Amino acid sequence: MQKILNKRIILTILVLGLLYGSIQNLIVQGKLNPYYEINLLLIGINIMMAVSLNLINGFTGQFSIGHAGFMAVGAYTSAVLTVKLQQPFPLAILAGSLAAALIGFLIGLPTLRLKGDYLAIATLGFGEIIKVVFVNIEYVGGASGLSGIPHITTWNWVFFLTAFTVVFIKNFINSTHGRACISIREDEIAAETMGINTTKYKVMAFTIGAFFAGAAGALYAHYFYIIQPNTFNFLKSIDYLVMVVLGGMGSITGSVLAATALTIISALLQRFAEIRMVIYALLLIVIMLFRPQGLMGNKEFSLSILERLGRGEKHGSVSSK
Amino acid sequence: MKLSKKVALILVLAFLVTIAGGCGGSKPAPAPAPAPAPEKPKEILIGANFELSGNVATFGISAVNAIEMAFAEINAGGGVNGIPLKLVKVDNKSDTGEATNVATKLITQDKVVALLGPVTSTNVLGAVPVATQYKVPLITPTGTNPKITVDDSGKTREWAFRTCFIDPFQGFVGANFAINTLKAKTAAIFIEKNSDYAKGLAEVFEKTFTEKGGKIVAKEYFVTEDKDFRATLTKIKAANPDVLYVPSYYEQDGLIAKQARELGYTKPIVGADGWDSEKLLQIAGAKALQEVYFTNHYSPQDTDPKLVKFVENYKAKYGSVPDALAALGYDAAYILADAIKRAGAPEPAKIKDALAATKGFVGVTGSVSIDDKHNPVKGAVIITFDKDGKQIFKEKVNP
Amino acid sequence: MEDLLIFLQQLINGISLGSIYALIALGYTMVYGIIKLINFAHGDIYMVGAYVGFFAITKLNMSFIPALLTSMVLCSILGIIIERMAYKPLRNATRIAALITAIGVSLLLEYGGMLIVTPQPRAFPEVFPQTKISFFEGKVYMTNQQLVIFAVTLILMVLLQFIVYKTKTGKAMRAVSFDKDAALLMGININNTISATFAIGSALAAAAGVLVGIYYTSISPLMGIIPGLKAFVAAVLGGIGIIPGAVVGGFLMGIIEALVSGYGASTWRDAVAFGILILILIIKPSGIFGANIREKV
Amino acid sequence: MALLAVNNLTKVFGGLSAVSDFNIELHPGELVGLIGPNGAGKTTVFNLLTGVYEPTEGTIQFNHENIVGLKPYEITQRGMARTFQNIRLFSNLSVLDNVRIAYHTHVKYGLTSAVMRLGNYYKEEEEMTRKAIEFLHIFNLDRKKDEIAKNLPYGEQRRLEIARALAAKPRLLLLDEPAAGMNPQETHELMNLIKWIRDEFKLTILLIEHDMSLVMGACERIYVLEYGMIIAHGTPEEIKSNPRVIEAYLGEEVAHA
């Protein structure tokens, strides 16, 4: 059994390596147009946001709609470190992620007692409060934003951090800690009486989600030269929520697919300036009407599906026996 | 039901495929290498990177409408040096990251020779590094933040230009007018917190006003989305200033003037070119506009045929009177066309040099010369309103 | 004395702003009460209401009351159409799917509206002349429009209370809101009841739109986003699903905002408003008027 | 020495006493029934014992420790597990995962080894899965381990819930109407199963049940609750003949049994 799992790990690494290698090759040879590169980076950042939000919304079942707030914390913290304090980029990313995680922890502790729509509106409120706080700090440029951020984020950074995020959250979910989170989504009271410290796991999911949103924010800030509080407004949070729901609540691969697809659609629609948002709106409505459970539902598309098909096993729990 | 669902799905898919196809088609397919002979190109591609959706879409669309109109006029007159201009219009969602993204797309995908836009300073700051990196000139019609054309070390950014006032000038003129003409001793400033334009003007106004011996008795803020300013205005009124300085755009300005008057504030209100719009009168009403003054590039009583024609054409085409953003966008388009003409060839570097050498260009917002900081040098006028709320000329100020 | 008068003025400012939140919150709270959907498009129906009123007055030369009624009727139809097309198929789906659809409808109305009426703000005509009322030797001001909006809010609240508690439709609404399946078994036409709720909610939004048009004189396609959000917060504040709660929540929001702007810093206004909301939610999650419901184990 | 000793337990909901002056003592290895008419407060007692509700008054000593004020998960960690009257499975998860989640408190690997797949992760996951399948096997559910819980037939859902509770390795098991909705044949099998697991796992069991045949047949002692108060307590024989109990039940069910 150890062997099978190791085989799977090797396979995962192989696929990731192949993906990385082929794109890296294109970049090195100068065949990848800078515009495609930007959108590739955006896809990575959006995947980080969507997957981390899915941990909170889809897996733990806590309805959060203030995810852009954590992105803002990560973006600002990291930018202050590189711009104002001349610290190295890796330290800035780490600090940004940790700051976002800390804020997530502090917010999560009191608010995660709330349920459903009430939690949603509280997280929305916190997202807006974070925005207002940045608007009022002149040190980071206030409402007009912090400019002059060095352009350090590269495809390498984005690729490895995105892969790290996805693997981290996937492994988390497939552990007893992750299952504890899922049990909260399924039935909080039953989870509690099965010995699961629901508050701890809700806050843990929230903190981990915020951590990766912070990392995504740091990458974002160091690619786009300037950040301002309004970039991280509630519509941005909604964008990520849409990715999660569209991909399927509780499906990591779903989030990855949806983040990729929506980023590409958004880029394709840039040309259709006036009707861009109309098309986007129609797409949302139509997809939800036809597939309210999202593209993937709570299923995962993974290499192990092929494996299982080969062994004639059914979908469901990953019993690696 | 089932069937109609399927049909709908197919339609949507077809729609998407068409769009995707359309995009693919419009891409400059791996062209057989850059045309070797400097033959006359068929058209000159200009990129428009504007806020066409999102929270400042109003401004972006206003500016881009005027630019499209200007391009149509230029092309009707035979284009530039006989080559028609083509505007590649792309939406940046009023988002700085998207502004960077769009600028990259326009330059590397569509191969435009110059960029127009965006309108807000923050978004322009997201696009300027791209223009610099790929060496394509960028003109913002309305980005007032000094940092756009000058970097942190004080060096002029080679590829960035603007055709609007930078913050200092209008704030300076407004403060002088308040002190000298209105004999104000105290002033209150009401600032749009998330507008670089308003913040910049307010800063200079405050500096000039206090240097000349005036006193700022209240400094308050609002955000663009606000519609109700009564609470803050009540606070301002209680400070009893001789003059209230509000350097924002007409929608907020109009509401502020109206609500200030409703709360019994009767003293002068001073603003800047953002006040210039026919809608201001409709929003505020003539009564509220008594004792209101603002600095502007030109006077509407000006019978300059160019201006009259612009206003008429815009009205005919878009059904509304152009505002300051439209006028500035229109001029930016013409200044660019003029530079391309003088450059002789539609090549980014030549256009950039020609832009930097712009002297005495006469547009609808006055005469423009570009200085060594890539800012326009324009004269200013002070406008006020008559009993019916019609704009009238008050005095002229030269730089 | 002077300070007291300024406080009084701020209170008037707050109540007049709060009336608008309350008007929008009424419709929000009704729709939420019955199908537990945060109808994000509600703020946009308010925008459509303002535009219908605008065109009724400027193009069809209607006077205030007919324009108001036209707008209310058209928006109720719009509300019903939206419900039937976009929300009804999702009634048994997850609530989050319905929420995303609501966001889609909201964007569609905003940007579809922008295509049709252009994004430029429009100036609403002055349908009834404004008169200024001053008290305490011109130290405190108020306008007749503020009075009208305040009165309309209260009248609509009472009317709604009446509809919900005294009419047959209202009883059906309460039944559906309490238990959809049981209501169905009792012979209540759930579809019609939900449509009626949307119709009433949208008509309220339309009324708010027209009144706001008159009050602020400026309307634009994106005008519904912020008031919609604030109104929803107000509805939660008062206890969502509870009609007087929405009105009290609206007034409270307005007053809080006015006092923060007037005595604190206006740029912290939204943070304080949301902060209070979160505090109230944590102390009393069901809002000021809501009854705490214990989950049955 | 008593495993569970409850003294003077009272719960008031908005002025109404759901449970008042409730006293009970359970000794290791006992199988005790708690019966009473609908609305007598039986499930409330369970909710108080497991920490879902906090008592208004009274003490609960579990294994010589006062557990009043502890969170439900803390009480479970101290060795008390339960099932629910209205089945509360993790309904979108597989049968196996339902049981594995209950095993959570006994897993030792931390967050880091989970994410990095280091240390004992594989060993413990494997162990957990093996144990979970063992429990499923006892309840004859092992062949359905990959089914989604909500797709199981009703009786199997009941059994799964008990299996899940067992996986938490309790010393005291609280079963809330385990036979509800089962036919007599199934009920009979369940009764034997309950007795068997009590012996096999050395459990103490407190059982709420409406089915008198099950209660009378399985339990050694019975408490009778009415209007939140204990009205009788004794062996099945004593209860059957207690006039107050017969009155409370209108004679019917008890006489039948």
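First chain written, first letter: the chains are A, B, C and D, and each begins at residue 1.
We take it that a contact is a pair of C-beta atoms (placed from the backbone, for glycine too) under 8 Å apart; a residue touches a chain by one contact, two chains touch by 3 or more.
Please read all numbers here as calculations on a predicted model, not as lab measurements.
**Student:** Looking at CA centres, what chain is most distant from chain D?
**Tutor:** B
**Student:** Based on mean C-alpha positions, which chain is nearest the centroid of every protein C-alpha shown?
**Tutor:** Smallest centre-to-centre distance to the global C-alpha mean: chain A.
**Student:** Between chain A and chain B, what distance separates the C-alpha centroids? Give it in angstrom.
**Tutor:** Centre-to-centre distance between chain A and chain B: 36 Å.
**Student:** Distance from the CA centroid of chain B to that of chain D, rounded to the nearest Å?
**Tutor:** Measuring from centre to centre gives 71 Å for this pair.
**Student:** Return the distance between the CA-based centres of chain C and chain D, expressed in whole Å.
**Tutor:** Whole-Å distance between the two chain centres: 48.
**Student:** Just curious, how far off is chain D from chain A if you go by their C-alpha centres, in Å?
**Tutor:** 40
**Student:** Which positions in chain D touch two or more other chains at once?
**Tutor:** Those would be 52, 84.
**Student:** Would you please write down the residue numbers of chain C that are in contact with two or more other chains?
**Tutor:** Residues 111, 114, 265, 267, 270, 297 of chain C each touch two or more of the other chains.
**Student:** Which residues of chain B are in contact with two or more other chains?
**Tutor:** As it turns out, chain B has residues touching two or more other chains at 53, 55, 193, 223.
**Student:** Could you pull out which chain D residues touch chain A in their complex?
**Tutor:** Interface residues on the chain D side: 50, 52, 71-74, 76-77, 81-82, 84, 88-97, 100-105, 107, 109, 111, 114-117, 121-122, 124-126, 128-129, 145-148, 164-165, 168.
**Student:** Using the touch definition up top, name the residues of chain C that touch chain A in the complex.
**Tutor:** Checking each residue of chain C against chain A gives 32, 36, 38, 86, 89-90, 93-98, 100-101, 103-108, 110-112, 114-115, 229, 232-233, 236, 240, 265, 267-268, 270-271, 274-275, 277-278, 281-282, 285, 295, 297.
**Student:** Contact residues on chain A for chain D in the complex?
**Tutor:** 1-2, 5, 9, 168, 171-172, 175-180, 182-183, 186-187, 189-198, 204, 298, 313-317, 319-321
**Student:** So in the complex, the part of chain C that touches chain B is made up of which residues?
**Tutor:** So the residues of chain C in touch with chain B come to 2, 6, 9-10, 13-14, 16-17, 111, 114, 118-123, 125-126, 130, 132, 134, 138-139, 141, 143, 212, 216-218, 220, 222-223, 225-227, 257-263, 265-267, 270.
**Student:** Can you list the chain A residues touching chain B in their complex?
**Tutor:** Listed in rising order, the residues are 33-35, 38-39, 42, 135, 142-145, 147-148, 151, 220, 223-231, 233, 235, 265, 267-274, 276-277, 279, 282-283, 286, 289-290.
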